[in-house]
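Structures are listed in the sections that come next.
In the two complexes below, chain A is the common chain; its partner is chain B in one and chain C in the other.
For the complex of A and B:
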């Protein structure tokens, strides 16, 4: 019994036509392993303002994990048991922290002009994540199954009707809002965040705006040679 | 038991209508104003406070 497959060996020309090979070559070309998982980050990353991107990711991971538990157990559990209250509260405070740190991350990147050096797609995906995260939170607030949810859903209904999308989104329909909240919107946010991180890895973390006298020395696209900061704590 | 714990439900008394800042067409609850102020404080602190080990890294580099 041989481990080798029968028949002729695959030629280089045949490999060129394989979609998996083409996809792998393109992926490695766009994002080589040393860029995908680098040894370190430029020294300018050693600043607190660069920490808020990864804090947003940490809050999102907490949201997804606690959300999975809440979805598995259901409204009676999160309203009527102590452990349910605990996970419900962690989920609530994680979303508060998520928006808190995400907005500070946004301010930091705005004043840093983070779209410089060919990073426009990084900036745009970040902006889209922010826009998609808002209805993700709103559908969560109206899915609580309490008086708070009823109040918010009736207020939001008027707003959505006023802008003409009331026929598509009914905030007073628990089933519809719950589906948006636990499946469609989290998948969209997670996919966008994954794309955002890959783009940051591909383009490198944006350097600070150089002082006037340094403009000639440090162009925005250049990455400093010295990479002494620990990897993974910045975006 | 839950009656005994009720005073611990919130640090501040929330049993009243929201206090709102009214400025022309802008109406913002006080709690949101405080939140935005805290965000500004954190933002500027993040820019100004030294990052642990940043100076050592800079010296090591130069």
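For the complex of A and C:
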């Protein structure tokens, strides 16, 4: 039996030049585990309006799960079998729930002015998720292969053609719309949601707007985003 | 003096939270929320199902509305159907919509070429076995100069508009005139459509000629959209543009309700009657969408939450507890 050969130790300089190490250090610095998966929440997070963010994610998960089942079975399944139609129905209602809770979440965040304290990117990613969700839904509607799809695809084409989008996005091309609907746009929405969540975890939930009598003028530079370094804080 | 960043992004008056924390289980919350939404969606699906109105077929269209079908076919030969005169991205026969000097439809050009006479009538008729009279009509059509062909087809399409529907999907009372081979061609097209054979031929038209697989329904859908059957069904289901149709769904189901603002513009002037309504509405919605994304840096809009303090309702417990802790201790209970 031979001993393990003694390797040359990795130097600090080598680590400093490693892209992987740089990424890891940056990730841990920006989002340490206790921020990423907190065990406590500031006490001001105490209103039903906060539920709508997580409900939006839950609806997206429901959409992805039901969409995967529909994709696995193929386009004809939801027309020809009752079980396929049932999953199509769950998918449709999940879409309605997704938009409903997302809109309430957006309104809630608007009235909280939730972009304060360096959280503009949180608002921007959230707003873009809503915008990208619209063509995600549209491509689903025109992929249904029923009268609804016929009508919506032949009507939507005019608006898209008018602004030039129709040159590369053809609502009457089922193959193209189906690809956008089950792959490209869900990936975009999911990536944006992931980024949005990471930003929320990094910056923490926006604190309440100070009441007039409590407002203190503090230089902007001296005010980093609120943190939810919660370990032990709950006590 | 406030910095440029402060001017653009607004004053940062969000001090770091140094107050108390409450226990919180993020993963548990996400799990419970997902189970709740799945259960809710399943209950809605069980209670209300979902709409799935069967698609219209060209066979149905040609049987139910033979005059409308034949007129659309003749207009395709004449180059006067909506698709024939559409312009980009299907052909160069129209300019497309524009907003002042901005004309992206024209700028991007013809990317999905569609030649209605060839792709919707002559091509499908040429690809299936035909009786000698139809073969002769096709032969005459191909040998005749374009201007004359269009003259025949235009005259016939105008005559068809005044024709009547006979029994079993037939057409009667077409005013006699000089139509060349067009009546024979349209008669053959109607027969092919009524037999259910035209959909397949249309799918093989254009760039898809001689292909086995095809997922592109552009040509059959354009042909059907030029006719009246889809519109008739859409009107019954309140799906037309002036019925807020963009956000409606077949049956009594909620549709794309989130498109209410898009739909709104089509209900009012000047968009309602504008030939360029689509580009105008899309431009307005594009600007509003940009504004929506940029709310945090738009002066005024970003301040509304402070002027209308709904936040006091949202954080009422926080403010109440702060007030309680800031209140001076009660003196002597007596």
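Everything that follows uses one rule, which is that the second predicted complex is superposed on the first by the 210 of 235 C-alpha atoms of A that agree within 3 Å, B and C clash if a C-alpha of one lies under 4 Å from a C-alpha of the other, contacts with A are read in each partner's own complex, and residues count from 1 in each chain.
Throughout what follows, a contact is a pair of C-beta atoms (placed from the backbone, for glycine too) under 8 Å apart; a residue touches a chain by one contact, two chains touch by 3 or more.
Since the model is a prediction, treat every value here as computed from it, not as a measurement.
**Student:** More residues of chain A are touched by which partner: chain B or chain C?
**Tutor:** Counting residues of chain A touched by each partner, the higher count goes to C.
**Student:** Is A:88 in contact with chain B, with chain C, with both, or with neither (first, second, both, neither)?
**Tutor:** In the superposed model, A:88 contacts chain C only, not chain B.
**Student:** Figure out whether A:192 sits in contact with chain B (first) or chain C (second), or with both, or with neither.
**Tutor:** Neither partner.
**Student:** Applying the touch criterion given at the start, work out whether A:141 contacts chain B, chain C, both or neither, answering first, second, both or neither.
**Tutor:** Touch status of A:141: second partner only.
**Student:** Could you tell me if A:70 is touching chain B, chain C, both of them or neither one (first, second, both, neither)?
**Tutor:** After superposing on A, A:70 lies clear of both chain B and chain C.
**Student:** Which partner does A:182 contact after superposing on A: first (chain B), second (chain C), both, neither?
**Tutor:** neither
**Student:** Once the structures are superposed on A, label A:51 by its partner contacts, choosing first (chain B), second (chain C), both or neither.
**Tutor:** So A:51 meets both chain B and chain C here.
**Student:** Just chain B (first), just chain C (second), both, or neither: which does A:104 touch?
**Tutor:** A:104 sits against chain B, while chain C stays out of touch.
**Student:** Pick out the shared contact residues on chain A: the ones touching chain B in one complex and chain C in the other.
**Tutor:** The answer is residues 43, 46-47, 49, 51, 103, 108, 226, 228 of chain A.
**Student:** Which part of chain B faces chain A closely enough to touch in the complex?
**Tutor:** 35, 39, 42-43, 45-47, 49, 51, 53-54, 57-58, 60-61
**Student:** What residues on chain A touch chain C, complex-wise?
**Tutor:** 37-47, 49, 51, 54-55, 57-59, 61-62, 65-66, 78-79, 85-86, 88-90, 92-94, 96-97, 99, 103, 108, 110-113, 115-118, 120, 123-124, 127-128, 130-131, 134, 137-138, 141, 144-151, 153-155, 158-159, 161-164, 166-168, 170, 172-176, 178, 204, 206-211, 214-218, 220-221, 223-228, 230, 233-234
**Student:** Which of the residues in chain A end up touching chain B in this complex?
**Tutor:** Per the touch definition, chain A meets chain B at residues 43, 46-49, 51-52, 100, 103-104, 107-108, 226, 228-229.
**Student:** In the complex, go through chain C and note every residue touching chain A.
**Tutor:** 3, 5-6, 9-17, 19-27, 29-30, 33-34, 36-38, 40-42, 44-46, 48-56, 88-89, 96-97, 104-105, 107-109, 111-112, 215-218, 221-222, 224-225, 230, 233-234, 239, 241, 245-246, 249-250, 253-254, 256-259, 262, 276, 278-279, 281-283, 286, 289, 292-297, 302, 305-306, 308-312, 314-315, 317-319, 321-322
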